[in-house]
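The two complexes that follow have chain A in common; it is paired with chain B in the first and with chain C in the second.
Up next, the complex of A and B:
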């Protein structure tokens, strides 16, 4: 059952209402059963995998905390992490060969379980003794499809309160607002861009340069609107059950450089990698100076690429960003010297940096969006005039698909730079129209303007 | 070593690492308070502290620090 379906929201309304009627001591088991039922509606055999992985991590956590010697702790930690990584890599690499479906949310819940093991290793007080509460952490249904990847201490601390607290109506309304905003980003913007991309992608060489260039920009903007939309829905659904998840996006294209952009894009994954891969690597390689820094950045970015799938395209995506980040890190001082002294040059550097960052991310999307290097190369040649463009233009695309593209691109870009000026407008609208009218209008827009091809989320496949 | 002395030496190290002569280090200061203190420059700070106080820190110790006060406490313990 996907997030974008009437059935899901009907079940959600019933489940969230019942949640507050369930006595505190039963709530953990109730929400765990609900999360497992949600997962089972997708696949029963893979639910067993989720349960087994959770039980194994629970056992490994106890073994790490209770081991008397440091060496034993390290062995249990390494064993637990290796088992989870083999599971992910096995399905990502071997699954395709054997024709196996990739288990829903495996990349996300395995990373949650690894975070738990490392946290217990670093500080034994992170151990969770309650098995049901522990199993709820990886299985929590609002976050299982595509994250965000919440940290164990944060989740358990919030859950201790949420398991007993009465309904917090302000929090529930916040959640409802997040869900509506997410649905609008997904259904009104991302899916319209997706419909345009689907038309051009069939035979890009038949379209002229302008259509191809717009289509490639749409790869980035669709991904942003789709994933930020999903994240808002996931965070909103979580809030209905008293859990505030971590954000994934913070105006990524307002960033002055690509290093800053990665602090604002898929943040729950990049912060996970910073804490559990980048920082330990940096500590281990700190004697190597700049070479160590380059190595750490490269390993980290290649890991981000391959996390999406063990393919050459994702490897190139990661390697391209490693190159960009290394250049950014190694030129920090000269850039500060050149542009940092005057307010005018600082502002100009920020603005041009933001445009360059969007351009670089879009260029890397050629690897991310396409399935093969050949297809990425074809798009690149069309973009750089190495291949003669086709003759089909905007007018040759069905008008219901092509008409809204420019407006949707502008809207997606506007939100991706942090929607400047929206707050004051929102305050005025809030004073003029009551909340129920605003929500009703949003629902009306969603139901009247959703494209027929609306469907799954891009990050659901990873 | 006294905590005040550690704090004074840390201020010197912070100013040099983050290239900002106006920085004054306090116990409750965190990475959020210093613009240049990010995941890349963090390691330079750790290295500079290790050299200045002739100590060796572990990943677990570095990770457990929540603010400069924790850092001072850790240095005092390790350098004792």
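Up next, the complex of A and C:
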């Protein structure tokens, strides 16, 4: 059952209503059963994998916490992490070879479980004694498809309150708003860009440069709208059950450089890697000076790339960003010297940096979006005039697909830079129309403007 | 987005209920009522269905006994009501065009319900078919979600269960049920076009409102013929296209020259025969006991035998699948075969304006002959009853 289906929202309304009718002591089991049922609607065998991974991590956490010696703790920790990483790598690498479906959400719940083991290792008080509450953490259905990757302490602390508390009306209304906003981003913007990409992608060499350039920009903007849309829905659904998940985006293309962008893009993953990979590595390699920093950044970014899949394309995606980040880190001082002294130059540098950041992200999307290096190279040659472009233009694409592309690109970009000026407009709208009227109109807009969806969420495949 | 405190609802259940109520009220008020369809793009198929019904219901009566032409584009392109009505002003009959491109028997049933609710408006209804012997084809006509989208603007809520039940695929049933529940769900491309090109839409609508249903009566047909058309290797068997065919018509022509697999042909033929018989029998049942004559006609099918529609062994005869009532008449199957020549066709399925002029007279005369004969028989039986 997908997030963008009427059936899902009908079930959700019933499930959320029932949640607050269930006595506090049963809520954990109720929500766990609900999460497992949601997962089972996708795959029953892989539900078993989720349960086994959760039980193994629960056991490993207890072993780490109760081990008397530091060495034993380290062994249990390393064993637990290795088992989870092998599971992810096995399915990402070997699964494709053997034609196995990649288990839904494996990359996300594995990282949650690793975070739990590391936290318990660092601080034994992070141990979760309640098995049902623990199993709910990786299985929590709003977050299982594509995250966000919530930290264990944050989740358990919120859950302790949510499991007993009465319905928080304001929080639930926030959830409504997030869900509606997410649906709009996904169905009204991302899917329209996706339809355009699907047409051009069949034979990009038949289209002219303008269409190809727009298509490549659309990769980035579609990914943003699709993933940010998903995240909003996931956060909104979580709020209906009293859980506030971590944000994944914070105006990524308002960033002045690519280093800053990675602090605002897929934040729950990048912060996870920062805390559990980058920082420990930096501590370990601090003696190497700049070379150590370069190594840390490179390992971190390659890990981000390979987290998406064990393919050459994702390796190149990670390596490309490692290069960009290293250049940014190493030129920080000269840039500050050149541009940082006057307000005008600072503003100009920020603006040009934001444009350059979007360009670099878009260029890296050639690896991210395509399946093979050959295909990425084809797109690159078309973009850089190394290959003569085709003759087909905008007019050769069905008008209902091509007409909204520019408007959707502009909207996606506007939201990706933080939707400046939207809040005052929202305040005026809020003063003019009561909340139920606003939500009713939003529902009508979604219903009337939704095109045939190209499929599920892009990040659902990771 | 902050909400005003005035009239704001805080309880989530009441908030959800009120939001849904607003949504459903607007959804039904704008999209189910036909209000939006008046502003829909004149070129989309749902709008053509709506407009045909809308203008037929607005049209003042001719003062004559009217003959309604049902059908798809093959009929729309083939018969020129204006020409025939002007040339035969004193017959007491007038033809009205109700054929709509892209429609099928199911849609004709619902269109007839919409334009003739009391079953007494027309002296006769001409129902064309592309061959009494149901031909093979690539597609399963019955499993086409577009049908539901096209019908949406004219269907009432009580008519939807029949449309939904007609789909065999559960996914299509679910999609059709959603469209029935949320009528706004079927107009995304059109609404998008309205938002992106409001001035163009306004100009088109002005033209339509000024011209009324001109396309139903005044449209002169299409020149060009299939005489240049050559079959050969490549392009699915097409070597040379007539120069005036657009890419869509060329693609259709290639389809017509591509023979479906025997298995697909057998499955689709059986399904299509069942589908056609089901809906045509519903039309027959609807007019049973009325004074309206239902005339079935095999209209010119093709400029030359088409591999895609070649008959398959054991293909059913539609005449045997339909109920023969006192008011059903089947015109002879060879009535228009003389027009099945390249020089009378614009493409592989539509007559050009030369073929159209001939077909208009042939069909019109045949229909009037049938009506006169039926009228005499009715008078005879009436006189006989009086004598008895």
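Just so we're on the same page, the second predicted complex is superposed on the first by the 460 of 462 C-alpha atoms of A that agree within 3 Å, B and C clash if a C-alpha of one lies under 4 Å from a C-alpha of the other, contacts with A are read in each partner's own complex, and residues count from 1 in each chain.
The criterion applied here is as follows: a residue touches a chain if its C-beta (ideal position, glycine included) is under 8 Å from a C-beta of that chain, and two chains touch if they have at least 3 such contacts.
What you are looking at is a predicted structure, and each value in this text was computed from that prediction instead of being measured.
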Just to be sure I read the superposition right, which of the two partners does A:206 touch: chain B = first, chain C = second, or both, or neither? neither
Would you sort A:439 into first (chain B), second (chain C), both or neither based on which partner it touches? second
One more residue to check, A:278. First (chain B), second (chain C), both or neither? first
Contacts of A:448 with chain B and chain C, given as first, second, both or neither: second
Please tell me which partner, chain B or chain C, touches more residues of chain A. C
Tell me the contact category for A:177 with respect to chain B and chain C: first, second, both or neither. second
Does chain B (first) or chain C (second) touch A:29, or do both, or does neither? neither
On the A-aligned overlay, A:62 touches which partner chain: chain B = first, chain C = second, or both, or neither? neither
Have a look at where A:335 lands relative to chain B and chain C in the superposition and call it first, second, both or neither. neither
Contacts of A:350 with chain B and chain C, given as first, second, both or neither: neither
Residue ranges of chain A touching chain C (in the complex, touch as defined): 6, 13, 17, 167, 169-170, 172-173, 176-177, 399-400, 403-404, 407, 426-427, 429-441, 443-444, 447-451
The chain A residues in contact with chain B across the complex are 121-123, 259, 263, 274-275, 278-280, 282-284, 286, 293, 329, 336
So, in the complex, the side of chain B touching chain A is made of residues 19, 38-40, 42-43, 46-47, 57-60, 62-64
So in the complex, the part of chain C that touches chain A is made up of which residues? 1-4, 6-13, 15-16, 18-23, 25-27, 31, 178, 182, 184-185, 187-189, 191-193, 196-197
